[in-house]
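Have a look at this one.
Which chain is which? They are A, B, C and D, in the order written, and residues in each are numbered from 1.
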Amino acid sequence: MSSFPLLTVAAALPAVGAVLTAALPAATSAKRRDVNKVLPLGVSVLTLVLAAIVAIRFKPGGARYQMTEYHSWISDFGIGYSLGVDGIAVVLILLTAVLVPVVMLASWHDADPVANDAGTFERNRRTQGFFALILAVEAMVVLSFEATDVFLFYVFFEAMLIPMYFLIGGFGDRTVGEDARQRSYAAVKFLLYNLLGGLIMLAAVIGLYVITAKQGIGTDGHGTFDLGTITQALASGKLHFSPVAEKALFLGFMFAFAVKAPLWPLHTWLPNAMGEATPGVAVLITAVVDKVGTYAMLRFCLQLFPDASKTFGPAILVLSLIGIIYGALLAVGQKDIKRLIAYASISHFGFIIMGIFAMTSQGQAGATLYMVNHGISTAALLLVAGFLMSRRGSRLIADYGGVQKVAPVLAGTFMIGGLATLSLPGLAPFVSEFLVLVGTFTRYPAIGIIATIGIVLAALYVLVLYQRTMTGPVKPEVAGFRDLHARELVVVTPLIALLLFLGVYPRPIADIVNPAVRDTMSDVHRTDPAPAHPITAAQVAAANSQGGGQ
Amino acid sequence: MIEIATPLTGAASTGEAVQFWILAVIAVAGALGMVLCRKAVHSALCLAGTMIALAICYMAEGAVFLGVVQIVVYTGAIMMLFLFVVMLVGVSAEDTVKDALKGQRIAAVVAGLGFGVLLIAGIANAKLRTFTGTGAADAKAGGNVQGLAALIFTKYVWAFEVTGALLITAAIGAMVLTHRELTEEKQSQRDLAERRVRLGTQVTPLPAPGVYARHNAVDVPGLLPDGTPSELTVNPTLRARGQMRDVSGELVDRMGELEASTAGWLGRRTPKPRHSTELAKAPAAASAPAPTAEEPQE
Amino acid sequence: MNPVNYLYLAALLFTIGATGVLVRRNAIVLFMCVELMLNASNLALVTFSRLHGNLDGQIIAFFTMVVAAAEVVVGLAIIVSVFRTRHSASVDDTNLMKL
Amino acid sequence: MDNLIPVLVGLPLAGAAVLLLGGRRLDRFGHWLGVLASTASFGVGLALFFDMLSRSTAQRPAFDHLFTWVPVEGFQAQIGFQLDQLSVVFVLLITGVGSLIHLYSVGYMAHDERRRRFFGYLNLFLAAMLLLVLADNYLLLYVGWEGVGLASYLLIGFWQHKPSAATAAKKAFLVNRVGDIGLSIAIMLMFSTFGTFAFGPVFGAAHTASQGTLTGIGLMLLLAACGKSAQVPLQSWLGDAMEGPTPVSALIHAATMVTAGVYLITRSSAIFNLAPTAQLATVCVGAVTLLFGAIVGCAKDDIKKALAGSTMSQIGYMVMAAGLGPIGYVFAIMHLVTHGFFKAGLFLGAGSVMHGMNDEVDMRKYGGLRSYMPLTFVTFGLGYLAIIGFPGLSGFFSKDKIIEAAFAHGGTEGWILGCAALVGAAVTAFYMTRVMLMTFFGEKRWQPDAEGHEPHPHESPKTMGIPMVVLSIGSVGAGALFAWNSSFVNWLTPVTGHEEGHSPLSSWTVSGVTFAVIALGVLVSWLMYGRQPVPATPPVGSLLTRAARRDLLQDDFNHVVLVGGGTHLTRFLVYLDAKGFDGVVNGIAAAVGGTSGRMRKLQNGYVRSYALSMFGGALVLVATTLLMRAV
């Protein structure tokens, strides 16, 4: 392994890019303003290249954490700057790196100042600030995925709230009628909710440190925050949590992640935040930032507290099940396009969390794939919805109708996004959703069966949305709509291509994820439930000779 | 659990006991007086009494040096400083009876009582029965002063230096705080005179305070020909403090008496004495007692 | 007589001083109350010195006096400058931090 | 040769991709591209069929494994194809009828500006349907299963500007999704039981599983079949699906897609054979639906909806036959194929009539069309004779066999099923005769359309005529071909297995009785619609008629219970979310805000007040210290 700090560079690049973007001279004309946006876009594309290099250099069969870096940071508390990626992290970093340039391109004009009546040019840094903040979020998210030190993770987990807060509160969806009060309400709600979660997690983080210090896991009598060290100590029995302590710590961590993810009933910040943010920022929230929550459940909750995960698993499964159906039902009842998608996301996060806590290989692999696929599909649906909304300046479903007639490409891409959201086989989300369902079913059949209701409800809200906006007689306000133009097509095409490709050939991702899932399963000391009547080799042979075959 | 009383060692002599009880009464009375007196001057005097009582207590306890320092530094220097400031700020300034903060007084007394009970209970709980006395330590060094000196310049020399620095800093600080920066060039007498003429307000010097020769205090306004007091005659600082003393009524009251005595002396018939209440009808507003300085500005 | 009575006296004086700080509004009197509290603690220190038979307590009392002197100097200077600007020595008038 | 199997799917898929992504430049000739893709696929299918014919029975099934689709620990889903005797029948039916209907659509959709898109969707449908029947495991079958659902959705809602079409499309997809739950649960059950869901291993190991598990799988597969094949209780979408263009109704909602349920049950015969409870449920569903559909078909005045009722009923026959087990599988498939011919033909005929009548669908506004549209009349008439089971035509061979198998089921059940099938046959004869009479006989009841154009019935163009002719030939001859020398039975037996039923009635008796009830149905219909003029406005009718016009109130039930209940539930949840969960959150925020508002008053700016708080704090500290020491 070369000593080149690839992971640090991959995260530092957007961070530096954010600073540079913010520092660019303020634009003196609308054209210069567009030029100012090229730098952040270029940085995000470079980051994508780096992420791709990380993914290529990652060897699925190799060490659990690869490309590791370690520097002592606060040695008195055993805190280190330690980075490393396993398969799950690699996949999610890749997702982030793909989505950020897409989001930037989609939000190209979202932060432009409103043209005033006099037509004079408003000279400020607001627009480039928007792009700088997006890059900042990317840097934090990537670092969260890379951190293998609990404290380091916590720092970035919380730090990403700051740019997100400004993105939500500072750059509302102007295209759909600005209401600054609603926006600041949403931003503050987002911040407070997540801060509360983070604070409880901090208590748990400190508790974890104290326990490691008491049991002498770290060096020189200090405790440690290093994930690898703790996991090894747990596995070798050197570290032992008392059952009460383990449960308390687990709940502390889980609470923060459940808020972030979000798990029912801690979800109420998401519809507000997604409703008020620009479509691009909404994508960042649901497709990128929230994934840190689910990722962290897989990484920290399961790995650090296997027994507590087992104890609370069924309860969390029930919550996620409620989330699936509750989110879907609420999506059906929404009048606002973006809130509808937000509730749909809540339903999908239910599936992801269900997959994680079903504690089966299929469930966890499915959950990881689901994170990726949900990111892509929601981005597609939400961004196309954003294009739609930018044409009419309204986010109410009732204001649209018959768009299909005037803008068939827009309608078509919207439909593909919708079909991906309802997990149509052949598109990427189906694979993951089915894996989650199967994985859950093999251990908890009843929960798996009830969760399938979510499939029907997903079809309901997607099709109702499509029917009301796209079909029917053309509304007069809709009649003048332009179809998607070049920039918008560039945004949508890669997403749809990915949805199709990963729907048919998810193997590249599955291969990266599988070893990580195997490791996690062994961390929680669980094995997949064996089939009741496994097929024996003899039977396969018999079946083949009979003319069945595989 | 039954406490076994340990014998008391180093008990105070009877003389000290008598002295203590007298001093304790004085000290507590002084303290209470300080808190309860409404005038700052009275409080200061009460506190001085308490401090002297304490000084004697120190001496009785063998801290002769401290006792002297207490009298010289505290009673002599610090209390004098207090008195200076009291004079500067206003001798007669006093607290109003009504407190602006509702319930503060009761809460303070309750908290104080609670605190006192706690402290006393704590001390009582400590069961201190062995008092070694500093005699041995003093004797070892050759006297109380020598003992203290030895300690100050050896063990506590660092703290001593630091307190020295603190004192200097405090002195400079006090100067800085009370110093007023001139924001513009100091105006000469000529400038002032020119300004007065230009403005045309009061060209002549301000009238002197005092009413005839009977009062020459600066806080007594001079009377105008019609018998009303003129505020102009009093120093603005005193005016601002509301410490103007209006004696016009008193003067008028005594006018009859004066005239009578003059008449008696001259052998004239005395006119009916005029009473101040009749005379002071018109300027009643001007001569009304000025509001006290400590009216809360709500 | 048990010299511990000095401690009781100190406690009493300290309490009276503390209550005075809370009750009085004239800044100068307030300062005097603080001085009383310091004196009370000095008395306690001297008594402790007697209790333990060494002079450290007296030394600390001595330092207390010095610091008190410094404090009074600065404090009174503050009172004077406040009085100059606000024409009042009442602590209730310096409530600009009030909402 | 086996490598050609993916090509079957690939050709129409490529066609769909090209047509949908190609943009307007393909508008001029795109439809011919669609026809080409479909026909080429048919050609490949034929080639594979003849290749299969040339091999011995044991060697006939062919497999082609492409790649591992989902490689996850313990869960290995493959993209693999299986072409056996059963699949090849479907392949030929799908691509054959599909190609004909593509051809027909060239004429039918000639004036539609979005014709290219239509052909794209049709090709997409073919690809999905072929995937469905060619998959070698249930998960891949599921892909095709939902794929045809998507294509059906797109095609029903093809005229999206009509709100009724958009609603019908949505309804079809949703009801199908309910059925899909069944399929996915069945797959999950298979996986947790056998650790795999590939056909061969599952069927090979089916006998090792417990009865309960097999029944569960069977019932879930039945649920899936009900959704896709419009069987009671998930039949409600089929009538509305007639909102789509008529070729769609012919291809998807008559000949191919709706029969996918029958394919699924037949394909899973190894499971059903071991689960009698599931079989019983299947038979019941089939019997109920065949009567249900027939009754609905009698009451509809919309020609396509009447045919839709008929489709439902005929699939009821197939499902019932499939539920009968080895004595019925073959006949279910045989009826499926013959039905594919005649029902597609009937729909195309109906489309031709509508084409000539300004898209009028109400049969009460037809009448006397036989002389204006002779070709349509003849082909439709042949289809009619075939469906009612006129001796010698294809329906006769397949339907009689099913009725016979129903009796052969044995016991009381057998009698009940047999009688239900007979009643169904009679009612079929009745409503089909009604359709025939109202459309082609009697006096003209034509009325101008909404824009005031008088209808000028005319024969349809050649592209529409040829498919109708070909299909009517199939309607006439397919049955005899299949029955000749039991060729069809022999062909399918290696896959589905076959047992001769032992009917309590002889074969001839059944045929005789069947013919008698058919004649009765025709007679009654002629008395009602042939001898007396048909009123242009529908009479009020009996209670049953009115109920049947409303699909036997099933929609009303759905509307009140599911839609109404769902709407209320959703509204309640929206309220709960806003007031309940968000209320708690905002309530906490308000409580904190209120408390701080009150706490703020403590910060009153008075130094003494702060001093008091400090003093109080000191008090507490001292007290605590003393207490701690005391304890």
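Please note the rule applied: a contact is a pair of C-beta atoms (placed from the backbone, for glycine too) under 8 Å apart; a residue touches a chain by one contact, two chains touch by 3 or more.
Keep in mind that what you see is a predicted model, and the values were worked out from it rather than measured.
Peer 1: Would you say B-D or A-D is joined by more C-beta pairs in contact?
Peer 2: Between A-D and B-D, the larger count of C-beta pairs in contact belongs to A-D.
Peer 1: Per the centroid of Cα atoms for each chain, what is the distance between chain A and chain D, given in Å?
Peer 2: The answer is 36 Å.
Peer 1: For chain A and chain B, let me know how many angstrom lie between their CA-based centres, rounded off.
Peer 2: Here the centre of chain B sits 72 Å away from the centre of chain A.
Peer 1: For chain B and chain D, what's the span in angstrom between their mean Cα positions?
Peer 2: 103
Peer 1: If you average the CA atoms of chain A and of chain C, how far apart do the two points sit, in angstrom?
Peer 2: Each chain's C-alpha centroid was found; their separation is 62 Å.
Peer 1: Quick check on chain C: which residues sit in contact with 2+ other chains?
Peer 2: Expected reply: 18, 22-23, 25, 92.
Peer 1: Quick check: what residues of chain A touch more than one other chain, meaning two or more?
Peer 2: Not one residue in chain A touches at least two other chains.
Peer 1: When you check chain D against every other chain, which residues touch at least two of them?
Peer 2: 604, 606, 608, 612, 615
Peer 1: Who touches whom among the chains?
Peer 2: A-D, B-C, B-D, C-D
Peer 1: Any idea which chain D residues touch chain C in the complex?
Peer 2: The touching residues are 600, 603-608, 611-612, 615.
Peer 1: Hey, which residues of chain D end up touching chain B in the complex?
Peer 2: So the residues of chain D touching chain B come out as 604, 606, 608-609, 612, 615-616, 618-619, 622-623, 626, 630.
Peer 1: Quick check: in the complex, which residue numbers of chain C touch chain D?
Peer 2: Answer in residue numbers: 18, 21-23, 25, 91-92, 94-99.
Peer 1: Under the stated contact criterion, what part of chain D meets chain A in this complex?
Peer 2: Residues 20, 58, 60-61, 63, 65, 67-75, 78-80, 82, 84, 117, 136-137, 139, 142-143, 145-147, 150, 153, 157, 160-163, 165-167, 169-170, 173-174, 177-178, 180-181, 184-185, 187-189, 191-196, 198-205, 208-210, 213, 494-495, 566, 569-571, 573-574, 577, 581-582, 585, 589.
Peer 1: Would you pull the chain B residues touching chain D in the complex into a rising list?
Peer 2: Per the stated touch rule, the residues are 100-101, 104, 107-108, 111-112, 114-115, 118-119, 121-122, 125.
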